[in-house]
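The two complexes that follow have chain A in common; it is paired with chain B in the first and with chain C in the second.
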Partner chain A sequence: MVSLLLVFFVSLFFMGVVTRIRSLTSGRKGPSVMQPMWDIVRLWRKGSVYSTTTSFIFQLAPITYIASLLVAVLMVPHGSRAGLISFEGDFIMFAYLLAFGKFMMIIAALDTGSSFEGMGASREALFSMLAEPAFFILMGSFALFTGNSSFQGIFNGLYYGSHFSYMLGGLATFVLIIIAMVENSRMPVDDPKTHLELTMIHEVMILDNSGFDLGLIMYATHLKFAMYGSIIASFFIGSLPLWLSIPLTLVIQMFFAIVVGIMESFTARFRMGHNPQFIFILTSVAILIFFGVLMLLGRFM
Partner chain B sequence: MDYLTIRNNQVVPLSDIPLISYDFFKETNLRLMEESEARHCVNYFGYRESGQIRLICCIADDTDHSIFITSAITPADAVLDSFTRPNANFERFEREIHENFGVEYRDHPWLKPLRYSYDRFDSSQKMENYPFVKVESDELHEVGVGPIHAGIIEPGHFRFICNGEQIMHLEIQLGYQHRGIERLFLQKSRVEERTILAENIAGDTVVGHTTAFANLWESLIGAETTNSLNFSRTIALELERIAIHTGDLAAICGDIAYQLGNSVYGRLRTPIVNFFQEWGGNRLAKGLVRVGRMNYPFTSELGDRLLDIFNAYEPDFNEITRKLWRLPSALSRMERTGELTTGEAREIGVVGMAARASGLERDVRKSHPGNLYHEISHQPVVKHHGDVYSRAQIRKEEIKQSISYIKELLQDIPDNNDVNTEGMIIQPNVFVISLVEGWRGEICHCAVTGKKGDLLLYKIKDPSFHNWMALAQAVRNNEISDFPVCNKSFNLSYCGHDL
Partner chain C sequence: MGKTLFELINLLALVAIVLLPLVRKGKALFIIIIFLQLFLGSLLALGVIVGDSIEFFYRGTAVTSVVPIRIDGLSAWFILVIGLTFFTGIWYGMHYLKRYTGERANLTLHYLSFVLVYTALIDICAVQNSFVFLVVWEIMALGTFVMVILDNHKSKTLKAGINYLIQSHIGILLLTLAFIWVKLETGSYDFNAITGFTSSLSASAGLFLFTILFMGFAIKAGFVPFHTWLPHAHPAAPAHVSGIMSGGIIKLGIYGILRMLMLVRIDMVMVGQLLLVVSVITGVYGVMLAIIQHDLKSLLAYHSIENIGIIGIGIAIGCLGIGHENPLLMATGFAGALLHTLNHSLFKSLLFYSAGNIYLARHTMNIDSLGGLLKEMPRNGYLFLIGSLAICGLPPFNGFVSEFLIYKGIISGIITSNSMSVLVILFALLGLVIIGGLALICFTKAFGIMFLGKPRGRPEPVTEDEGKSYPLILTALLILLIGLFPLLLGPTLVKVTALFGTARGVAEPYGLREAVNSSMIIGWYSLGFILLTVVIFLLRRELVAHRIVATEETWGCGYQGDNSRMSYTASSFVRTYRKLFSPLLNIHSSREGASGLYPVSMGKETYPGDKVERWLIDKPLNLSKKLLERFSFLQNGNIQAYILYGLVFITMVILLPTIYALAASFIKILNQL
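Coming up: the complex of A and B.
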């Protein structure tokens, strides 16, 4: 329950912080941290316009997308405190819930029949697919490490005994940050600010969405960031008491938002053809973690 | 003689241009092009003369200040051999002649509509039935972009044929911005009206086009352009170059999503365009250049202000440039993206900055200097890779070069001295050509006058006219997601092409 409330709370201003950091680094003042959320609220108060070439899939997709994401959020733990849904192997369901939502968005984009949206859908499918092994190897390694296969069990059993396990925590944070960037189609994989349809990934898929639906999709990005931030925080808070773990989570989330903002400000977007290579780095780092775990468990000898 | 050799801004009687048969005309021009690689067609056009079409072709040499003029007369219903088959330099010009007068070419590769001019010969040619290249394939797909774009840019339709993410072919359909400027030039008879028309040929090259017009007009009425006029025009041309090049660097950074570069270069452009506001009351420099005078003379106070602006501009410019040129992610986006080889550039007849990025030393400031460019010993910046990186580098170095030229000129600001054009009349039965290197490249204005000193023809050519084809070539085999940055690195004008 704590984690759910925290995720919702952070989702209100996470993107606002990212935007603010981007503004500050380019020498501007920037909008209030709540502005992106106000924009979404404004969209929620509007109706949606549907293209006549689309079918029911297009109308169904945004709701399915946000619903699958919400169920996934229910599984996110707060350190060793379980999320509302928790069972053995829940991280697998977590990953596929997200994939299901994405699948709906992809077929909805194809449903519009626009050549841009088709291109965006193909890119999105490719990059999410490439990011998937990283997540599973990462979570699988920790499951092996702790002997548990639920989020709660993993974070409960995580014990920072040696320098080595700190290193694993650091690497895991890196992998999760980049996965969050890829999943949310942010820099350096995709440029969310561009107006050029040809270079977009996520943005081009939702060109035909408007009003309430668009609001849902945009809020999903906020929620996803907060959700990944919460998982990252769980790596560090373990079974600390609530009065310490809640502020620590907020600090880690802020740190995450600042890192995202800085990454987006000081690099250029990758060439589309270089993205797969970049995403494969995640898998190799995840494999490093896997080997680290094997070493710690002494199974390497 | 089968051709006439003239200089930039030189007025010649029409009767001095040798009139030869079409076959000989073709042979002569192709031979002129073959003799030296450093030649290209600057303008080739026709106009009606007693029921027939008179063709005039101008070929410029990039090295020795000469422009070769040839002329032929052909009946309107003639079927001719095209120049394009042996030399692609003439492709667009022949399409234009075909569109306007219905002249048929036997072996032109594809006489597509160019800009849908109002008085085109075949009015059944419409935007809706533009003959695009079609591919029958299950593997390839078509992506159409525009004519209405997501950003605030002009209308133009781009159709890509792609193999997955890779561009196989790009076809650019223009003509949406056609306003009939050349015809308006003949209809509006006052010099002021014509100057304002020239200012509005392309909003980003106001100084370039207006200077080309003013230089041409002063030659046409036989007025001697004074030193102070040349001085102001040269300063304005170089300032325009700095302003637009800086803005382009910002836009290139925007397209590769490098936020810092985008905002810093964007900010740096502002003081330069604001200086135009201070000088002449308009940030685009409209209302500044006039025939025979400067509406707002350049004073030594303005000169001091400009030096202050440069002193503030340079450190910031150098700093962000150092950053951008050392940022691996930015370099990896720019290098080997949108390559235009020297051979391709020469074949298409690319001009200006894009030509220099592909290794051609083609710069009117050196080859056909007008205004004060005789005095500046201009050495064009030439790069050899022809990719986005080279075009960004050209901009970077030309900005520095322009600043140093302006600083050099500012050491000696001449007193304002207008030309009294009152009572001067246009010389009858003459031809004149005016070349100016705008920031984008070679601007060419030509005029032909009639018996009574009236304008028979005013022909405008913006560098975009040549360079759109270069863009279509450069993006081949690139990723479709790199098209925007390729496009921005050329930064071509829609209205300059469509007129």
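Coming up: the complex of A and C.
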């Protein structure tokens, strides 16, 4: 329950912080931290324009997208405190729910019949497929490390004994940050602020969405960031008491937002052809973590 | 009771053979007989699932010796799964076959093959005498061949059918070799002799025997590299036969492998690791090739290969569980594999029937020439969507439940097993995740390009026939039912899975029931997900009820002309993927470039090929063809020459022993010197 409230709370201003950091690094004052959220609220109150080519799928997709994300958020724990849904192997359902949302968004993009959106859909499908193994191997490694297969069990059993385990925590954070960037189609992989449809991934997929639906999709990005931030935070808060863990989570989320902001300001988008290699790095880092855990447990032969 | 039912089913098949060709109203008789058989078969299987297994013996003949009939949980499970696919397939087929009303002889043969194949299926699951088993297996193979070649005036169909026939006989040959080996050593055709025989063999010989058996069954199931008949046979067969073949008949290969695993006594860790590697390769290879297919039915055929891979991963996890004596691994692995067998037969048959409806409406299976079908055939479209989501293993549909079980087995395998197995299981995890991701690309492509967007070209409008979609709706409902309430199947799965333990003298393994049941709670969360979606949908409807809603053309960067030919095609959708994986794929492309100052036309065509087929089938075949062509002068059509061959042959037969005796005595004399 704590984690749920924290995720919602953080989602309100996460993107605001990112935008602020981007403005500050480029020497501008920047809008208020709440501005992106106000934009979404404004969208929620608007009417919509639908393409004549689209079918009911196009209207259904944003709803299933946000619903799948909400159920996934329910599974996110707060350190050793379980989320509202917690069972053995919950991270598998977590990943598959997100995939469900993605499936619907991709076919919604194809529903418009626009070649721009088809192109975005094709890239989104490929890149998210490439990022998926990293998450599973990461969670598999920590399942091996702690002997548990639920989020709550994993974060509960996590202890930092040696220098080695700190390294694992660091690598895991790196992997999760990049996964969050790929999943949200942010900087090194995709540039949401680019001016040309041909070079976008996520933004071009939602070209034809408007009004309430667009608001839902935009909010989903905020929620996704906060959700991944919450998972990253769980790596470090363990079973600390609430009065310590809640501020710590907020600090970590803040730190995460600042990292995202700085990455967005100082890196350029890759050429599309280079994205697969970059995303493959994630899987190799995750396999590195796996071998690290095997060594740590002395199970290597 | 069981015996009577079993005999009745076989008797009905005999009645059908005699009566079907004679009566005028063949269709009515066929429907009565096949549905009666289906009913009796399900009754037989349900009796076993609820009660005890059935065992009785026929005295047999001097050749076959005693024929034991044993129907246990495993047989019953497969009888039910295959029966279900037959039921929906024949129901759908009745509509699909309306186009063939004139061809009475062809249809009668087609009906008869259904009856024979279904009877053979029941017998395959029941008979445990390897001689009789091979006979019924052969009946099944031949019957399926007849089913596939319904369109026998097309040379492509015949070619695919003959390809299937040859490959399935290679499988039978391998099985025959293995069974003969067992018979020679033990003197018994009874399957139970395999148990004793393998425990007396050395470890490597036992593994060798299992490998031969596995290859024999793998050809039927479609494990890579024995899969090459599948992508030819499925597109050639009519839609209902494709559905039945993919959903039911290839599952017999899985049944065979599971049955043999239950019987053999060899190093299960080794078997598990080998099977895992083969299955992961099968799964990933299947879906990798599925993505680049332009033909919807061969896309679905490659997906059958992928799903066989997933089932194989489950079986392998189960074997590792037996080997490491880990009940959780065993339970989740085998239960996952069994459930995925059922799930695959449901969603794959749904997709094939749906593809059949598209074919009836548009007379093409080329994904790139279809588009915007959802508006013309909405019912078929949404059914195809359900099938697509289920085959990608997404919640809240049934594919997720079985994949979840297998995932859970993998994770607990990683936690509990030791070094070598951990690495292999990590490979399986990687494979399963990649399979899931690639399946998503494949089905967003198939559904998105065919059903959404704008129609390509100027097709005639179609009206949806309601009757054609009832069997599909039934299948879709079952998909959702299993996805939301998997607990319904829990006890059955526990009972069947426990057989793998009891076959090895262990009573129901500790924790099996809990392991299967606890995995099943995901159904409730899936239900919650659906409810949440509905709530948000209603909320949105309330909120936007009084807003302004306008309709406009799709945003095309200002271009307002007719852009139906500009929308994304399936080939362009998978272009990035194709470029990325091109070293592993085999794509022939022909290009007609623009030339001259005013180029008139240009174009590019790509045909997806299969690397395994090329190196394993085509190249060796071409080589042997070259070799044999050197002897083609022998077959010169000259009757005198043929008489000469006969004469030479007879002379040789008579002379050879004489020459041999002479040579022997000559050597004897030499020795004496």
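In this section, the second predicted complex is superposed on the first by the 300 of 301 C-alpha atoms of A that agree within 3 Å, B and C clash if a C-alpha of one lies under 4 Å from a C-alpha of the other, contacts with A are read in each partner's own complex, and residues count from 1 in each chain.
The definition used in the following text is that contacts are C-beta pairs under 8 Å (C-beta built on N, C-alpha and C of every residue); 3 or more make two chains touch, one makes a residue touch a chain.
All of these numbers come straight from a predicted model, not from anything done at the bench.
More residues of chain A are in touch with C than with the other of chain B and chain C. Judged by the touch definition given at the top, the superposed model places A:H274 against chain B, while chain C stays out of reach.
By the touch criterion defined above, A:S115 reaches both chain B and chain C.
In the superposition on chain A, A:D191 makes contact with chain B only, while chain C stays out of contact range. In the superposition on chain A, A:R28 makes contact with chain B only, not with chain C. Of the two partner chains, chain B is the only one touched by A:E264; chain C is not. Of the two partner chains placed around the shared chain by superposition, neither chain B nor chain C is touched by A:H202. Comparing the two interfaces of chain A, the one with chain B and the one with chain C have residues 115-116, 118-119, 122-123, 197, 272-273 in common.
Within the complex, the chain A residues that touch chain B are 22, 25-28, 115-116, 118-119, 122-123, 187-188, 191, 193-199, 264-274. On the side of chain B, the complex with chain A involves touching residues 141-145, 150-151, 164-165, 253-260, 262-264, 267, 327, 329-330, 332-333, 337, 479-484.
Chain C makes touch with chain A in their complex at residues 371-372, 374-375, 385, 389, 392-395, 400, 403-404, 407-408, 410-412, 414-415, 418-419, 422, 426, 429-430, 433-434, 436-438, 440-441, 443-445, 447-449, 452-454, 518-519, 521-522, 525, 528-529, 532-533, 536-537, 540, 543-544, 547-557, 563-564, 566-568, 572-577, 579-580. Only residues 44, 46-55, 57, 60, 63-64, 66-68, 70-71, 85, 87-89, 92-93, 96-97, 99-100, 102-103, 106-107, 109-119, 121-123, 125-126, 128-130, 132-133, 136-137, 140, 143-144, 147-149, 197, 207-208, 211-212, 272-273, 276, 283, 287, 290, 294, 299-301 of chain A touch chain C when the two sit together in their complex.
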